[in-house]
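Note that the chains take the letters A, B, C and D in the order they are written out, and that residue 1 is the start of every chain.
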Amino acid sequence: MPKSAIRTVCKVDLGKPASEQPYLHNRWHPEIPPAATIQDGETVKIECLDWTGGQIKNDDSADDIKNVDLTRVHYLSGPFAVTNAEPGDVLLVEIMDVQPFEDQPWGFTGIFDKSNGGGFLDELYPSAAKAIWDFEGITCTSRHIPHVKFAGLIHPGILGCAPSQEVLDTWNKREGELITANKLDREVALPPQPLNVHAGSADPTTTEKVGREGARTIPGRPEHGGNCDIKNLSRGSKVYLPVHVPGANFSVGDLHFSQGDGEISFCGAIEMAGVITINFKVIKNGLSDLGLKSPIYIPGPVEPQFGPGRYIYFEGFSVDQHGKQHYMDVTVAYRQTTLRCIEYLRRFGYSDYQIYLLLSCAPIQGHVAGIVDIPNACTTLGLPMDIFDFDISPSAAAAAIPAAAKKLDMGSCAFETGRTEGEVVTTAGKNSETSFGGGLNYKE
Amino acid sequence: MPKSAIRTVCKVDLGKPASEQPYLHNRWHPEIPPAATIQDGETVKIECLDWTGGQIKNDDSADDIKNVDLTRVHYLSGPFAVTNAEPGDVLLVEIMDVQPFEDQPWGFTGIFDKSNGGGFLDELYPSAAKAIWDFEGITCTSRHIPHVKFAGLIHPGILGCAPSQEVLDTWNKREGELITANKLDREVALPPQPLNVHAGSADPTTTEKVGREGARTIPGRPEHGGNCDIKNLSRGSKVYLPVHVPGANFSVGDLHFSQGDGEISFCGAIEMAGVITINFKVIKNGLSDLGLKSPIYIPGPVEPQFGPGRYIYFEGFSVDQHGKQHYMDVTVAYRQTTLRCIEYLRRFGYSDYQIYLLLSCAPIQGHVAGIVDIPNACTTLGLPMDIFDFDISPSAAAAAIPAAAKKLDMGSCAFETGRTEGEVVTTAGKNSETSFGGGLNYKE
Amino acid sequence: MPKSAIRTVCKVDLGKPASEQPYLHNRWHPEIPPAATIQDGETVKIECLDWTGGQIKNDDSADDIKNVDLTRVHYLSGPFAVTNAEPGDVLLVEIMDVQPFEDQPWGFTGIFDKSNGGGFLDELYPSAAKAIWDFEGITCTSRHIPHVKFAGLIHPGILGCAPSQEVLDTWNKREGELITANKLDREVALPPQPLNVHAGSADPTTTEKVGREGARTIPGRPEHGGNCDIKNLSRGSKVYLPVHVPGANFSVGDLHFSQGDGEISFCGAIEMAGVITINFKVIKNGLSDLGLKSPIYIPGPVEPQFGPGRYIYFEGFSVDQHGKQHYMDVTVAYRQTTLRCIEYLRRFGYSDYQIYLLLSCAPIQGHVAGIVDIPNACTTLGLPMDIFDFDISPSAAAAAIPAAAKKLDMGSCAFETGRTEGEVVTTAGKNSETSFGGGLNYKE
Amino acid sequence: MPKSAIRTVCKVDLGKPASEQPYLHNRWHPEIPPAATIQDGETVKIECLDWTGGQIKNDDSADDIKNVDLTRVHYLSGPFAVTNAEPGDVLLVEIMDVQPFEDQPWGFTGIFDKSNGGGFLDELYPSAAKAIWDFEGITCTSRHIPHVKFAGLIHPGILGCAPSQEVLDTWNKREGELITANKLDREVALPPQPLNVHAGSADPTTTEKVGREGARTIPGRPEHGGNCDIKNLSRGSKVYLPVHVPGANFSVGDLHFSQGDGEISFCGAIEMAGVITINFKVIKNGLSDLGLKSPIYIPGPVEPQFGPGRYIYFEGFSVDQHGKQHYMDVTVAYRQTTLRCIEYLRRFGYSDYQIYLLLSCAPIQGHVAGIVDIPNACTTLGLPMDIFDFDISPSAAAAAIPAAAKKLDMGSCAFETGRTEGEVVTTAGKNSETSFGGGLNYKE
């Protein structure tokens, strides 16, 4: 009695606009109609677009990154109704596999332009940049960041069940209040946006409603998970998701070949299109039985293992690059930690933009170290030495080795047309090397 | 030609006040005289007090925690001059071993009273509490948190070289500005404090100066490290420390038998007295050769290994327990993540205070997951299942297992005299279970 | 400048007899003509049959195992000529990926009948048996061995370069001498065999020669590797292979989804057809530069990690089941170790045949422990507890837990037509439980 | 209610002959009187001599190794009676800690002379040699094998419960039969030996009986474990030992700072004196409840972790160094595997004797790979690259790197008086490099 083959419940068409494909959608809303129904206990395959919906090309220019249309991203596959699932249940999602499409064995990491998306370090590195990664089996390399190679801890950036109307209203209220109160000169949250809304196979009336009140897919949210960008939620992981509507209405997308903790450049993982294989199980009454307010997960047993002694750990504190002391601010501390790593790797001949891209997508460990010793939060960032094909360790011959490494050709990442590494580096380098004393108006 | 025995350069006397021991000090200042001189390349043993300088007893009352004198803590061993070390060099410190004293095989984890020290969750858990941990070889157990046992990833909470006068001035200026600008109703930083200053063997004039301008030892600081509380800076680790004064003037203290990422209850690691064995090497001109602004380290090869699939990961977001949306605030997100874990473990019969203590000292993994998806930062907390002697996994029989576990006797942690578990839990439970809707005035 | 797609240098046809496919062969011989040429530095895909060449079906009978035609197995893909490779060089083979065919997501583990193939424990377990494994992403389960699930450490059982005529002559001479000297009542080695020889695209004269003198593919051999069945020679591994003929003439086959150390049931890994992606590099003069007489390899960084404390280790010694003392015989010791594990797992309701199959293919660790303490060699076998979905640990309530587990339905593996679990178990059980005192004539 | 301190049940006196210390013994026999009684559930400390009973000195001559008196070795601490333990029970022994004595921070690895002890490779390396290892915390280094450093996976080589008279009779019978049948020109087992018997505090009559029939402590044995030399039976391990006599009469000794799989040079681990901390629990009726015929164990969670990609694996087959084919002989295969590793490391300037010593005590992984492919058993040996302070990887520049490494001063291990590295190496090198064609009469 051989087992029957695994059913594919969602096929995507890479040659067709995402907006015309009825199994995709780009908002969280309870009324987006299910794309298919999955049995409680069933394993299925689900195809997914990359998170830009195919806007980024495998070439050597970052013009596509600079001009990306952020109203047409994060097309999720689904939603999928699961039999038996009711509000109050937990949907147990076991990720059996994630793969790129066989005929598209590449992905990309991007730094968005500060004026169109930005990222964690956009005050220092405001320009658009891009690296293309080629997949060879489980590993990847990039012509834009030479002498680096690592195995992907492949995972979906986004998964979650649809909010109920009540949950959705909560989101819109609390994020609206943040927007209203905002005094920073940058966007702090994204309100509902009718432009380019895609509500799957919904009728026009529903689509209009989804555009008016549907939650954007950029942030993760405590009630359902969503865009959590958790780097080890990979193959073999079991995720426990709160169910808010009958049928659960599960969606998934934003596949990553690899990501570093923080996904700092925003478009920071190695973004790819592909297929994810998932097993679904409903845990009745799971929300209260498990005491669950937010998703939990158990990682799979298969992760790249470098050995603890093969990491260089950088330390960062909540003192920003202008020398200003912040109070127990982990966000500031983690930004400083990434800058320490950039300064370290810069000595080997990489440009800051290359390193910024690399820290976004390589399997770096970002830890909260100390969070109680006023006024300084301390975070650490572990960089695996073995992803480089030359020695980056801080050995005694500290000076000699980088000199040798510098003779390696580190090439360049992709920039927008007309801009070269030199120009960009000059700007960024000045800010971060002159003792943080420049005129840079960087708000932490 | 047998190797000669390892020299002990600092002995402490557990029966004598720390303030009377000349090899100890409790401020960072360039003029505290070296307690001993160590050769470049030498390995030595250094004895250390626990961070409260012996104020905490191995008993079942938290009165000592509640009334701890925080002007008499963090007595560091040293400073030690290292031959050859000059400003601009890097001191490579290899931690060969850390051990509790053989005749004092126990340590403690404390929750400070909100009015005397506080901690990461002090708005919700304002009372003092304590757990004593007994060491049996490499593992520890606590009569105050039954059914838990784990191996220590033993490490020093504090290590660093003395600041130069210039570095010290920078600290005092920037922390002073934070204090001046403070509008929170809590202390945000600790200014220099002459009361109970201990400057080692300094003469009265120097001691007075150290009291007036010496930096407090509570926070870690980017220029030298200090109180970083990094859980895997354990045996076998190599730490690269910036040198700011001739001789480096290295100090160490605050030994931990084990700690969780964040050390959330402030007195949160398993604090202990003991002896640390360190090898010292000077890397000439290391600061510029390594591009170092803050310490870096490479962990040792020996860590407890549970396997990735033996962790439950909790997710938290920058929405606080009152439902307020914060902008990309990792500190808020990590606090929420710890609360999700408390809610989960509570079902098994532990009190919130027991769990708060446990998360402070057990080897939990606190990660920055996503830090770019406005407005929500996302953090994760990995709890190793195998430190419990019963099954805490979220299996399908979600309800049945906690019921069985509840029949286990979970005892109680130590509270201040006259207070019982019941009283305390009621208060805390109310706040965290009533949908965060209470009148609690919790500032995140 | 996007990278070009990976070339497939060998396609197999699952619907056609292996003997008719010119890119396959089933002997080691220098004159088998290359199936394709690969550039030094190139990455290619190579399709492979399962090692029985498709003789085994996805059904519930072991008749196909019992009657397998062992003259028509081990069809290897290749040989492939690599440019630049000369005798004395080393071919560096990096395994980028191994995958089952998408439309054939299953494999099999077999116990050969003692009279047709046999295995490591065939005196005790002489009957044919089979388990089919279904693949769901990176994990597998079997309807024939319920309550077990694990991730595959997927790898090729066989890889190597063609022998030179001189090397081949050495093999035939030394194995011939063993056959000549044999006094056991079992085959000890397989001489050249013209029957069913397949020499790829060779002309009839060459094919006849290959049949007459070509080395069988069953054993691994020191000079080139071959059928080594190394369980962690998986994705990401780099293998250094001696080159004996111009062009290297590399062949590969016998793909395994997973295997335990020893592959004890002979057809013991999870055998499958699929595709392997390999990068080839020639290291000129590598044989002498590396001091290489046999292949070496560096495993990939990605392995299932259970944590050392999640294994039960069994110990075995060179005293056989009849109580006879052998002198420092690791083979005897390892056989005893596997029997200890069978006896342990039997208590949970599995049949001995199911366990024998399981130990062959699950990721068990087989170690040489002590090999110098006359007269007993000692070996250990580590069984990962987490591949079972119930608790197999030797907890204090030793008796109660197996009783509970026994209520689980453990089903049956597949046997030959007309034979049932009961019959087979009785026979085997009698031998191994009656203090090894029976009339069994088991030669160790 | 603080916990009381851990009781030491056995103190040894390093300045006094082992034969005069009543808590020690050097035979397995049911009538050796217990040295102390331990409560079921208790944790105690037990001091142990090194396995030669102090015969080896911390110096630079191997004369002590050459002339070691093998009738006065393996002094075990104990036996210890455990309350509640009866035949048929299992004694659960949890190893809480193992430490060298603080004032004796060193150990040794020896190669015994072929005529006095020998070892796994004694036909090739017949001379005595020695390396002294200095402990600095958890790591060790040797002046006799420079440029190597690793963390110890510290463990007891020997532990077990006393045999019953019946079990003892079985041992004497079966080992006697092996001795009787022996036709090799070497000892194959050690019969009872009255000379230098030490039966603890036994009266003369009992001592005489123990000498006449007591089992030697050299081999491990299936019924009780004993000298298993299992490298990861380290801190945190739980061992399940069969109980054969009332009170169990547990003994322990032969502490190792570190050992490689196989402990190939016989005196091969890093042998040391020290103290072991153990918790004892009796599992009533455990033998039948657990289906136990030999000990099992679960390793502790703390092991050095190098990452799988940081090992070089060598392959070996059952073809000996004279080119003779053996039938499925894992012992032959493992010997060849160790020789492949010696040949590899020799290129960096180490002598064969240094490498032989190193492979005995460094944490190498010795695996049974394939054991079913007639006629060749295949074993693998994983060598961790990170124990060396220079690069030993087989990189593309295969020739250049060893040349650089050769400029390192590799010194010499200790030899017997009058012998130098040169003489010894010449002999050994000749045998193993001349294609195994010499006149060496090596019996495998």
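Throughout what follows, a contact is a pair of C-beta atoms (placed from the backbone, for glycine too) under 8 Å apart; a residue touches a chain by one contact, two chains touch by 3 or more.
Remember, it's a predicted structure, so these values are computed and weren't measured experimentally.
Novice: Comparing each of B-C, C-D or B-D with A-D, which pair has over half of its contact pairs in common by residue number?
Specialist: Repeat interface, by the over-half criterion: B-C.
Novice: Which of the two pairs, B-C or A-C, is linked by more C-beta contacts?
Specialist: Higher contact count goes to A-C.
Novice: Could you work out how far the Cα centre of chain A sits from that of chain B, in whole Å?
Specialist: 31
Novice: For chain B and chain C, what's the span in angstrom between their mean Cα positions?
Specialist: Roughly 50 Å separates the two chain centres.
Novice: State, to the nearest whole Å, the distance from the C-alpha centre of chain A to the C-alpha centre of chain C.
Specialist: Averaging C-alpha atoms per chain gives centres 40 Å apart.
Novice: Could you list which residues of chain D touch at least two other chains?
Specialist: Chain D, residues with two or more chain partners: 236, 300-303, 305-309, 386.
Novice: Under the touch definition given earlier, write down the residues of chain B that touch chain D in their complex.
Specialist: Of all residues in chain B, those touching chain D are 1-3, 5-6, 43, 58-60, 95-98, 103, 105-106, 132, 134, 136-139, 143, 151, 235-236, 277, 279, 300-306, 386.
Novice: Would you tell me which residues of chain C are touching chain D in their complex?
Specialist: 90, 92, 119-120, 170, 174-175, 177-178, 182, 184, 187-190, 218-222, 225, 227-232, 236, 240, 261-266, 268, 281, 283, 285-286, 289-303, 307-309, 311-317, 319, 323-331, 334, 336, 340, 343-344, 346-347, 365-380, 382, 393-394, 396, 398-399, 402
Novice: Looking at the complex, which residues from chain D come into contact with chain A?
Specialist: For this pair, the touching residues of chain D are 305-310, 386, 391.
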